[in-house]
Each structure stands twice: as structure tokens, then as C-alpha cells.
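Given below, in the form of C-alpha cells, are the structures.
Both complexes shown next keep subunit A, but they swap its partner, so subunit B is in the first and subunit C is in the second.
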Partner chain A sequence: MSIEITALSKSFGDFPAVNNVNLKVETGEMVAFLGPSGSGKTTLLRIIAGLEFADSGNIFFSGEDVSEKSANERKAGFVFQSYALFNHMTIFENIAFGLRVVPRNKRLSKQEIRECVLSLLDTIQLSGLENRFPVQLSGGQRQRVAFARALAVKPRVLLLDEPFGALDAKVRRELRAWLSEFHNKTQLTSLFVTHDQEEAFEVANRVVIIHNGTIQQIGYPDEVRSKPANSFIHDFLALDI
Partner chain B sequence: MASFIDLHHPPGSDRRADRMVRSTSEPLWLRRLLIGIVLAFFVLFLALPLIVIFQGALEKGFGYFLHNFTDHDILHSMLVTLIVALITVPANALFGIAAAWAITRFRFRGRQLLLALIDLPLWVSPVIGGLVYVLLYGRRGYFGPWLQAHDIRIIFAMPGIVLATTFVTFPFVARSLIPLMQAQGCEEEEAALTLGASGFEILRRITLPKIRWGFFYGLILCNARAMGEFGAVSVVSAKISGKTNTMPLEIERLYNDYLFASAFTVAAALSLLSLITLLLKTIAEWQNTRQLEAGRRALLESSIDTIPSKANA
Partner chain C sequence: MSKKRHILPGFNLSLGWSVTWLSMIVLLPLAALIGKTASGGWGHFWETVTDPQVVASYRISFGISLIAALINGVFGLMAAWIFARYQFPGRRFMEAATDLPFALPTAVAGIALTALYSPNEWIGKWLEPLGIKIAFTPIGILLAMIFIGFPFVVRSVQPVISELSVDVEEAAACLGATRWQTLKSVVFPTLVPSLLTGVIMAYGRAVGEYGSIVFISGNIPFKTEITPLMIVHKLEQYDYTGAAAIGFTMLVASLLIVCAGNFLQSWGNRFRERT
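Now for the complex of A and B:
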């Protein structure tokens, strides 16, 4: 599914968090929002998910205007930095949640839900842990459960907010490789927010550099690295290298 | 806990720790004096009165004690108190959740004012709470003529007692939920929302399970106050024994009629309800910490006995 954003703006009080953003993401793309903290990239992602609402501008999912739709109608899969797993539920119930809250007439049968959850557990390589609680898992395992939970409802788009931000370097690399592989297999349109340029350049097809709520540059990883559009990007990219 | 400390302090370091405690604490005589004062206070003001109530109730023998519970007026006062609690507690449960939800989840104009208003019944005397309802719904009150024209009786009747009790028990549920919900944040709710859950499903499956012990605690406090309220209720009740008397009002009536043993019997019954409430409250707190502890222990175990990671694939 493609995503199109036109003239999107949002401010918190006097502070313009997102300022006149225009962006088109094609079906099957994996796009990274890269920028320093406080640049507005997370706010932009939350507006796309429907967790925040823009002051002006529109969002289109495959040409359909979803700007006024609430998050539960948009059903964009969302993965939080802090996992946001339901701590009082088992791993199985966490993943099954999105399938259980569907109205009765459209809901899958118990057996179908079970099969779906078990196959997702297999996908995230956590088979056999369905009866554990989130606190009994490591950070990397929890984040994979959060992935599975978001994927269970068959979202048309996957939004990831600093998905590896709370993990240590080794687990982060493993999960990054896993995500790339997963995306190559499923071709699910994905947007992810990060402040880690290595992560952005390695995983994403295209990189969007955001600063002060505005898009500074959109391009393929090589393009952005070799031809930074302005001095801010040049300095920002130079920080880590 | 002890074994946990031992890991970090080799044998012999105890004495040093002991010395440190001693060097920062008060001299022995002062410690004994302070503990003595606390104990004396506890016995004089808390334990003794409780014992006296039960002693007074049993003064004329156990038979007489039981006989009191066949008295129509006393039984009726218990019924009234029960009905009042059965109406006000659910009403305030609903209001408490709604208020805590609104205050912790939304930023709106007048939010601070609402927060202050919730606390109002704690700041003003309950008598004022009762009086306000007389001024609003009484015969000469604001809505009085209209109510009389429609033959609706609020003051000096059950509705008045329920209203006044609702007023004084207003803050308890909301007050125990607000800090809890503020601390927990709303990421889990947001996650549920992106998974397609409706507001009601989120409340039922995510929010309520997360806050259940805090909620239970608030309900217990609310119930204790609803059963024990005297001031506000005494203003709006006509104090007709066998009709509009709650248990606290009945105790006063019996006492003023020099029926001490009976007064103490009702008092003992009310105290017993309070003691049960206290027990439930303790269980709620204990469950709450146990749940937290279990979570922490599980985390510790899983980090020691790590499940083989298969993420490398």
C-alpha cells in the first residue's frame, strides 16, 4: 500500500513539531525517518498511525484520505520503542489481541486464531514461549513479540518507532538483519524512525532526513551520503563517521 | 533479602554496618521513649476504644447482644446503610474511572479545576456537604418548589441520604486511580488502539486489568466512608428511626435514649464491617505488591536462565 502525505503540519502550543511535510512512499518500500532527537520524526510517524492528529494537511493510504480516521480504523501496524506489550497477558494473548477485538461476525474462530498466533510465533522464532508473560522475556524477544502482535492483524503498512532503541548493540544488529529479511520476503510497506544513521542506511530503501519538523532531504542511502543537500545533513552525517 | 545482602557483604562487614546504623541513630533511652510514646498512643486512642466497643456491646450478655439484631429499627438501619453503600459505591466507581480517565488521558481546559473539585469533599466539612443539598433540594431550596409540585421527596428521605453520601465519598476512587494511571502512561492503550480495539475494548481488556488493585483499594475506602458517614447524612436525614436512620445515626439515637448496650451493639456491628474492610484493604495491598514482586522475580530468573536465542538465523 502506498502512503501519500501532503502539506502536513502540527504544532504543540507555539512549537512547530511537523512543518509542511510532503512525502510519497511507494508500495513495498522501506523508508527510514532519520534525524536528531526532537526533530519531529516520531510525531510524524504518530500522525500517520492516527495516534496524533495534524493541524492541517492530509494523509492518503492507497489514495484513500484517512486524515480524519482514528487509529483503530486505520489499522496501521505500530511498533513502539518500549514494546508496549500488555504485561498482564501471556505472549499468546498479546499476539492474539488484535484478532480477538474484531466484531464477532468478522472474527476468526478460536482454532484459526490459535493457528495464526502459533505460526507468527514460529516466524519470530519464539515457538514454545506462548505461555510466558512479557516480563519473562529479554528485550529482543519482547520486541519480536511486539512485531508479531502488530503483524497478526495483517496491517497494510508497518510503522516502527525507534524499534531497536532500547536494545543492546548485538541484539540490535540481529534484529535489524531479521527485519531486512522479513521485509524482503513480505514487501510490506514500512516506515521506521531512527536517530541511528547506520541503521537507516543499512535497512531502508530510501532515507528521509528530518530536522526542525521539516524534511531536509529524501533519497537513496548512497545518494544522501554522497550528496548531502545542505550543511545540516553534512554535519549530522559526519557526527558518527 | 538477607541472602541477597550477604552476596555483597563478606562476613565481618556486618559489624561495620551495625556501627554505621548506631552512629546515625539516637541514644537508647530516646529510642525507647519514642517507641513507648507511639505504643501508648496506639493503645489509648486506637486499641482501647475498639475493645471498649465490643465490651459495651456484650455488657448484658451474649443473648442480649444477639437479641438486638431482632429489633426492627436496628435491622432497618442496617438495611438503609446497606442500600446507601450499594448505590453510592457503584456510582462513584463509574464516576471515579471516568474522572481518572479524563484527567490522565486528555489535556483540556478546566482539567486543573476538575482535579480540585474532586478533592472538594475532603476539604469541606461533611455537614456543609449535607447542608448544600438541603439548600438545593429542600422544601425552600432552589429546586424545592418544582420537586414539591411533582411530588418528589429528596431531603429527609432516601434520595437525600444517597446524594449526601455520594458527595462525601466522591474523591476516593478517582483519587486512588489518578496517580496510578499517570504512572502507567498510555502506551499499552495506544498499542491496543492501533490493533483495532474500540474504546470500550481498551477499557475492558487493558486499562481495567492494569488498575484493578488500585481500583479495588479505592472501592474499599469509598465503601468504608459510605457506611460510616455521619455528618452529611445527619443533615439530610430526618433521623426517623426505622425509616431514614443509617447505622451511625441509629447509634446516636440509641445512645441519646440511654440504650447504651444497644448503641454499642450497633457500633460493634459497624466496627466489624470496618475491620473486614481493613482486612480486604490489606489483602488488596498485599496482592498488589505480590504481583509486582512476581514480575520482578520472573525477570531476574529469565536473565539468569537465558532461553537460547535463535535470532541469529
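Now for the complex of A and C:
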């Protein structure tokens, strides 16, 4: 599914968090929003998911205007930095949640839900842990469960908000590789927010550099690295090198 | 023999003090109560606690307290939700008002309720023609019990609601859950342990409540007499062993309530980190 954003703006009081953003993401792309903290990248992602609403501008999912739709109508797969798992539910119930809240006449049968959850557990390499509770898993395992939960409802787009931010370096690299591989296999349109440029350049097809709520540059990783569009990007990229 | 080492210093000293203190403040009076009960002999004990008038008072105290605690569970949860989630003018004042029954002498509450609901008073005179009697009926007892139990529920649930992370509710919404489904299966289950704590505390408080009830209940034998009142009756007749016998029965019942409560809480907490 393609995503198109036109003239999107959002302020918190006097503070312009997102300022006149225009962006087109093609079907099957993996795009990273890269920028320092407070740059507005997370707000932009949340507006796309329907967790925040823009003051002006529009969002189109495959040409359909979803600007006024609520989060539960847009059904974007969203993965939080904090995992946001339901701690009182088992891993199985967590992943099945999105399948069970569907109205009865459209819901899958119990058996179908079970098969779907078990196959997702296999995909995230956590087979056999379906009866555990989230607190009994490691951080990396929890984030994989959060992925599976988001994927269970077959979202048309996957939105990842600093998905590896709370994990240690080793697990982060493993999950990053896993995510790349997963994306190559499924070609699910994905957007992810990060302040880690290594992560952005390694995983994403295209990188969007955001600063002060505006897009500074959109380009392929090599392009952005070799030809930064302005001095801010040059300095920002130089920080880590 | 090797001595077990604790990382935190002062374990023996603080444990010693806690046990001594607990013994003096809690266990000693309880032991005295049991001793006093035993001094009357088994026959006297049984006769006292199974006296029909006393048995009727158990039904009123424990039964109406349960209804009051359940009603407080519903409305206390609502109030806690509103206090924790919304900003509105007068919120601080309402929160302070919620705590009032903690501090107010219970007799004052009893007099105030009686002044409102007696047949010739402010609210009572409007309800009387409709055939609704509140003062001097079990409904009056229920009202008093709701009044004194309310803050227990609000105060145990509110901090938990304040600390709920919004992430999980947003995650549920992104998975297609309606607001109601999110509340029902994501938010509410995490509040159950604290809600149970609040309801059980409100229940325990209502069972033991005396001051605010005796004014509004009218103390009609077999109809509106509560168990603590039966104890006072015995004391007035200098029947100390009888009073102790009823007191002992209440003690056992309270212990059972507390145990049931702890069991329910650990069940409600089964998904939390075990340390």
C-alpha cells in the first residue's frame, strides 16, 4: 500500500511539531524517519497511525483519504519502543488480540486464530512460549511478540517507533537483520522512526531526514550520505562518524 | 554454623522492633479478647453468638456491607478514573471531599445523614410520599456504609490508573479495538487487583462501622440492628464475656474476609513479575 502525505502540519500550543510535510511512500518501500530527538519524527508517525490528528493537511492510504479516520479504523500495524504488550495476557492472547476484537460475523474461527498465532510465533522464532506472560520474556523477545501482534491483523502498513531503542546493542543488531529479512520477504510497506543513522542507512530503502518539524532531505542512503542537502544534515551525520 | 548474611544492614534490629510492636499493638489485645471469650465457657459462647437477634444482626452487617462495597466498587472506580484522567475546575476540591469520610468523626456523618433522610427532613420529606423510607430502614444503613467506604476504593485505584501507560491503549486501538473493547479487555483487567483491595477495605470498614450507622438505622431489633451495636448492648448490660464472644465471631469473620481478599489479589496479580 502506498502512503501519501500532503501539506501536513501539527502544533502543540505554540510549538510547531510538524510543519508542512509532503511525502510519498511507494508500495513495498521501507522508509526511515531519521532526526535528532524533538525533531517531530515520532509525531509524524503517530499522525499517520491516527494516534494524533493534524491541524491541516491530508493523509492518503492507496489514494484513499484517511485523515479523519480513527486509529482503529486505519489499522496500521504500530510497534512501540516500549513494546506496549498487554501484561495481563499470555503471549498467545497478546498476538490473538487483534483477531479477537473483530466483529463476530467477520471474525476467524477459534481454530483459524490458533493456527495464525502459532504460525506467527514460528515466524518470530518463539514457538512454545505461547503460554508465558510478557514479564517472563527478555526485551528482544517482547519486541518480537509486539511485531507478531501487529502483523496478526495483516496490516497494510507497518509503523515502527524506535522499535529497537530499548534493547542492548547485540539484540538490536540481530533484530535489525531479522527485520530487513522479513521486509525483503513480505514487501510490506514500512515506516520507521530512529535517531540512529547506522540503523536507518542499513535497514531502509530510503531515508527521510527531519529537523524542526520539516523534511530536510529525502533520498537513498548513499545519496544522503554522499550529498547532504544542507549544513544541518552534514553536521548531524558527522556526529556519529 | 554459618550465619546468613543480608545485604541491607539492620535486618535483625528492624525485624525485632517490628515483631515487638506488632505484638503489643495488635496481638496482645486480640489475645485478651480470646481469653475473655474463653472465660465464659463454651456453652455461654455458643448461646450468645447463635442468639436469633445476634444472628439477624450478622445478616444485616455482613450482607448490607457487601452490597455497599460492591456499589462503592462501581462508583469509586468511576470517580478514580475521572480524578486520574481528566482536568476540570473543582477537581482538587472534589478529591478533598472524597477523603472527608476518613477524617470526619463518624457520629457527625450519622447525624448529617439522619438530618437529610428522616421523614420530615430535606430529602426525606420528598421521598416519604413516594413510599420510599430511608432513615430507620436497611437503606439508611446502606447509605451510611457507602458513605464511609467510598474513599477506600478511590484511594486504592486512582494511583494505579495514573500510572497506566497510554501506549497499551494506543496499541489496542491500532489493532482495531473499539474504545469499549480497549477498556474492557486491556485497561480494566489491570485495575482488578487494586479495585479488589479497595472493595475489601471498604467492606471491612463497613462491617465494623458503628458511629455513622446507629443514628440513621433506628436500631429496630431483627430489622436494623448491626453486629457492633449488639456488642455495645452486651457491654451496657455488663455482659463482658457476651460482648467478647460476639467480638470474637466478628474477628474470625474479618480474618476470613482478609484471607479471601489476599487470595483474590494474588490471583489478580498472577501476571506480574515474581521476585
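Please note the rule applied: the second predicted complex is superposed on the first by the 241 of 241 C-alpha atoms of A that agree within 3 Å, B and C clash if a C-alpha of one lies under 4 Å from a C-alpha of the other, contacts with A are read in each partner's own complex, and residues count from 1 in each chain.
Here is the rule we use: contacts are C-beta pairs under 8 Å (C-beta built on N, C-alpha and C of every residue); 3 or more make two chains touch, one makes a residue touch a chain.
A quick note: this is a predicted structure, and the numbers were derived from the prediction, not measured.
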{"item": "Side-by-side fit of subunit B and subunit C on subunit A, or clash", "value": "clash"}
{"item": "Touched partner set for A:Leu129, first subunit B, second subunit C, both or neither", "value": "first"}
{"item": "Contacts of A:Arg149 with subunit B and subunit C, given as first, second, both or neither", "value": "both"}
{"item": "Touched partner set for A:Gln141, first subunit B, second subunit C, both or neither", "value": "first"}
{"item": "Touching partner for A:Phe97 - first (subunit B), second (subunit C), both, neither", "value": "both"}
{"item": "Touching partner for A:Phe60 - first (subunit B), second (subunit C), both, neither", "value": "neither"}
{"item": "Partner contacting more residues of subunit A (subunit B vs subunit C)", "value": "B"}
{"item": "Touching partner for A:Trp178 - first (subunit B), second (subunit C), both, neither", "value": "first"}
{"item": "Common interface positions of subunit A, toward subunit B and toward subunit C", "value": "49-51, 70-72, 74-78, 80, 82, 84-88, 97-98, 101-102, 133, 135, 146, 149-150, 152-153"}
{"item": "Touching residues (chain side subunit C, partner subunit A) in the complex", "value": "165, 167-168, 170-178, 181, 185-186, 189-190, 271-273"}
{"item": "Touching residues on subunit A, where the partner in the complex is subunit B", "value": "49-51, 70-72, 74-78, 80, 82, 84-88, 97-98, 101-102, 125-126, 129, 133, 135-138, 140-141, 144, 146, 149-150, 152-153, 171, 174-175, 178"}
{"item": "Subunit B residues touching subunit A - in the complex, by the definition given at the top", "value": "187-188, 190-198, 201, 205-206, 209-210, 295-296, 298-299, 301-303, 306-307, 309-313"}
{"item": "Interfacial residue positions of subunit A with respect to subunit C in the complex", "value": "49-51, 70-72, 74-78, 80, 82, 84-89, 97-98, 101-102, 133-135, 146, 149-150, 152-153"}
